[in-house]
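What follows is a pair of complexes built around chain A, which joins chain B in one and chain C in the other.
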Partner chain A sequence: MAVRIEPRQEVPAKHLTRPRRARWRPSQGVRSAAASAVLLAVLFVLVQIGVATGALRQTGLPVPTDVVGSTLGLLGTGAFWSDFGRTCLEIGASIAAGCALGFGAGIVFWKLPLLGRVFEPYLVSFYAVPLVLFYPMMIVLVGINAGSIIILSSVMAAIPLALNTRTGLQGIRPVHLKLARTLQCNARQTLFSIAIPAAAPMIVAGMRMAVVYALIGSIAMEFTTAQNGLGYRIRYLYETFDNKTMFAYILVVLILSVVLTVLMALVERVLLRGRR
Partner chain B sequence: MTRLTKLRESQFAGAAVVALVASAIWQVSSGLSFVIPSPAATAEAFVQNFADPRYLSDIGETAQAVAQAFVIGTVLGGAIGLLLGLSAAARTWLEPLLIAFNGVPKIVLYPVLLPIFSLGGSKIVMGVLFALFPVLINVAVGVRTIPPVYWKLGRTVQASKWQLFVHILLPAIRLPLLTGVRLAISLAVVGVVLSEFFATRFGLGRVVLQAYSHGEYAQMVSTILLLILVAFTMSVLLWRLERRVR
Partner chain C sequence: MQGIHLNDVHVHFDHPSGITIAVDGVTQQVPPRSFVSIVGPSGCGKSTLLAVIAGLQPATSGSVDVNGRRVTGPDRDIGVVFQEDSTLPWRNVRENVEFAMQMAGVSKGERAAKAAAAIELVGLKGFEHSYPATLSGGMRQRVALARTLALQPGVVLMDEPFAALDQQTRIFLGAEVRRIWEQTHQTVLFVTHDISEAILLSQQIWVMSYRPGHVIDVIDIDLPDERDASIVSSPRFNELHNRVWASLQKESMRGFQDVETA
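And now, the complex of A and B:
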């Protein structure tokens, strides 16, 4: 039901026949990172040459080195930090509210299966984001401000987490719950010491999706209409034909999302430490 | 089991109750605030829209773009997913970039696409970018988690590449593939309509924004509801199919 990236299964044969002093070989992660860095560098050089020779004139792309330069220039301006701060506030608030809401809802739906079954079709279909389309309704109700963006982004972030929490809790092996009964755990102990740790991989996968949804939701809504924020600024700069600054802002959004993705991968590694 | 308990346990009945409660809340709140159109006014606008040929052509425009984005996105996502699932080298080179790109709010790339693909094409490309990833990720993970014994069976019966694909690979990944396709439909709608919010001449996204700026809230809500209803119905139908296949 939920998109979930399984950890790769290692081939055990390699470990069995490992020589005492193997030739040093970088791990899969390091090789992957190096390969993507090479790909990005090649792309950068190709675009640089293409724009410089005029072969890409039709695409309206600026020279990549110029974009890097104007991005660095942005960091010294107060206007940039005000946009950046507003977007970070929205993303942070919706991650916090969305995780609390989704986690709570997932537990309630697990405890009360009837309620869970009734809401399931709504969760499953709203999970695929048509919620962004409610934004024009939200700005009529709440106004064009960070509030309406945070409310919708929180709901968007909460849904995958609620679904994953419920699925994870339902998938606990019965022997774990039997253990809880044997040890005479009370309801709170059963939930926090047995059930949630047992369902942790699914819950953390849901959290990663919640973060991605909060980010995508916030920026997409700013892009539609807002008064402030990175998404809004990109649209504004497009409409005022300030191509160079616009690309700098786009680069900032790309970097911000990559940083969030990497952070979540680290959080997952810390929270799931000691498994496998 | 009596009729009544059966009804109480029916998911459909419960979901319908939730919808009714939501409508009741809507009705009450429309009385409290003038910016909220009443359900009746919205339904009226909803019906009247279908008599308007301009609105119908907007629907056609959006539906066409969504259909193209969905088909291209699913095929492309499936192909890249297969490549990633089957080839370790492709994983090494592409996986980190694809995971990073999945987390990017793709809508910010819309101004970059516009000069390259023009107004009509850009929204399809945006829909493709949205629809691509669920299929890609689900297919890649699905292929990678096929039990090795399936491949051994294929080798034992000396299946050709094509036979391996049709008789072993596709049935083995049918569930994640269906999930990806279900998400791809809704995301194609979102990608296209968000692009229409930004810049376009025709389409339902433009209708919504125009109604918003003219203060015609009943028209705006009815169009949003139309989009949500279509995406909702499609994904519930596919979701039920998914559960049947399991």
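And now, the complex of A and C:
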């Protein structure tokens, strides 16, 4: 007589049959975005009280409700949308180009370890260099336009992703590669069905950094020298002492960064489904 | 020439301080549709021998034939179940079981049908949509087993598949493997260091010596084909256990001394 054993159920069965309903927990990204929203709200209230009671000087910090008012006012102006569009174009293009470049470079460095060893020291040291420093050089080469900002921001975004992709691929568990060999996977199958999914947590973490770097790079370079864009506008308003409108633009940039964080959290949820 | 034929297999590893002889002239055969286990002390080269049969490790000399074909590299007709957890964390149970077939280019419909059958066979019905992260170590090994069996390979090699599990799960899964084998009657070569597990599962046991590894004893297990975990308490089981243990004891001590004096 053969023994028949039911699989051990260490996890409550209801969780397994209805995983979505049973215990839905927002991802880390969503929770941190919610936390920063709450913090912003608290700050908003504190500043409002501070200014109303005279504890804070109005010249330094405008009344938050005024800032919200002027932000809403901005939405009706064509100038705002032109700056906003330009910055979004730069950030979007840098994220796309930076991710493609970094992901590709990471895979190449993994596939060709010699190339990886040659380039890694440069990547690591470039990672620490504020690449914004090269912006004046880019302006000479490309001109004062979105192109020069996109090129540098893409490089800034690509570096952490390239390093993370390579580290993730190098950290694949040997048994997964052995599995690929015993199943006679070809190079394409091994890369797309084993290597990249196995390295996905590191790659996604690299993408999050890439998004942040693209944002910082684009705004910072606009801030330095540009003819439009949100960063440029903030600096212009600062130099013309238009505090209220300047804070309105700062608020827009903050909202933009929160939106990007939330989007990345969603991307992470989709790409890392079922892990942990 | 069905089954697995090993013909004077040697495996040497070169390293700066000299040569390690991992496998030293093994000539044996696993008859078709039979279940054979290799037992031996740690470091006796039993896993290396299995890797040679799987085509993952080239032999320094000698040859291996599986179902009449010379082994020159990995082959999908040789299924391998690894010691480590080899489930893919980004795929649920059904997708994991389908993975091997997907790589082999099996059509979607056939995949689904075979995966469902394999999942049922290893007792994971109802867990098709669970991800490995929510499964215990034993259940993950069942997934790996189902993935290998679904491809219906000519031979199945198992490299201490339950070594990382707790004692109870090991015994349960051992009995499960025996039950599955009674249904499929595939040619199986099973590597373990657990004598009871080897006797419970096999028709024949090869005892391997400590370095240089070769087969020092071949023991036929004449227990009834229909057996379950209760056979462990039978007198014949004890005799066989003592017989294997006597062969192994000398070798284990030798390996132990080697480590002590190294």
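Keep this in mind: the second predicted complex is superposed on the first by the 231 of 276 C-alpha atoms of A that agree within 3 Å, B and C clash if a C-alpha of one lies under 4 Å from a C-alpha of the other, contacts with A are read in each partner's own complex, and residues count from 1 in each chain.
Following the convention adopted for this analysis, a residue touches a chain if its C-beta (ideal position, glycine included) is under 8 Å from a C-beta of that chain, and two chains touch if they have at least 3 such contacts.
Predicted model, so just to flag it, every value in this text is computed and none were measured.
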By residue count, which of the two partners contacts chain A more extensively, chain B or chain C? B
Partner chain in contact with A:S193 - chain B first, chain C second, else both or neither: second
After the superposition on A, what does A:L215 contact: first (chain B), second (chain C), both or neither? first
After lining up the shared chain so the two structures overlap, which partner does A:R181 touch, if you call chain B first and chain C second: first, second, both or neither? second
Under the stated touch criterion, which partner chain does A:A33 make contact with: chain B (first), chain C (second), both, or neither? first
Could you tell me if A:R173 is touching chain B, chain C, both of them or neither one (first, second, both, neither)? second
Return first, second, both or neither, reflecting whether A:R273 touches chain B, chain C, both chains, or no partner chain. second
Of the partners chain B and chain C, which touch A:I234 in the superposed model: first, second, both, neither? first
The intersection of the chain A residues contacting chain B with those contacting chain C is 1, 3-6, 8
Where on chain C does chain A make contact in their complex? 54-56, 74-76, 78-80, 82, 84-86, 88-92, 99-100, 102-104, 123-124, 126-127, 129-136, 138-139, 142, 169, 172, 175-176, 178-179, 182, 226, 228-229
Which residues of chain A touch chain B in their complex? 1, 3-6, 8-9, 28, 31-33, 35-36, 39-40, 58-61, 114, 117-122, 124-130, 132-134, 136-137, 139-141, 212, 215-216, 218-220, 223-224, 230-231, 234-235, 238, 246-247, 249-250, 253-254, 257-258, 260-261
Within the complex, chain C is touched by chain A residues 1-8, 10-11, 15-17, 19, 173, 175-176, 178-185, 189, 193-194, 197-198, 200, 272-276
Using the touch definition from the top, list the residues of chain B that touch chain A in their complex. 8-9, 11, 14-15, 17-18, 33, 35-36, 91-97, 99-100, 102-112, 115-116, 134, 137-138, 141, 144-145, 179-180, 182-183, 185-187, 189-190, 193-194, 197-198, 208-209, 212, 217, 220-221, 224, 227-228, 231-232, 235-236, 239
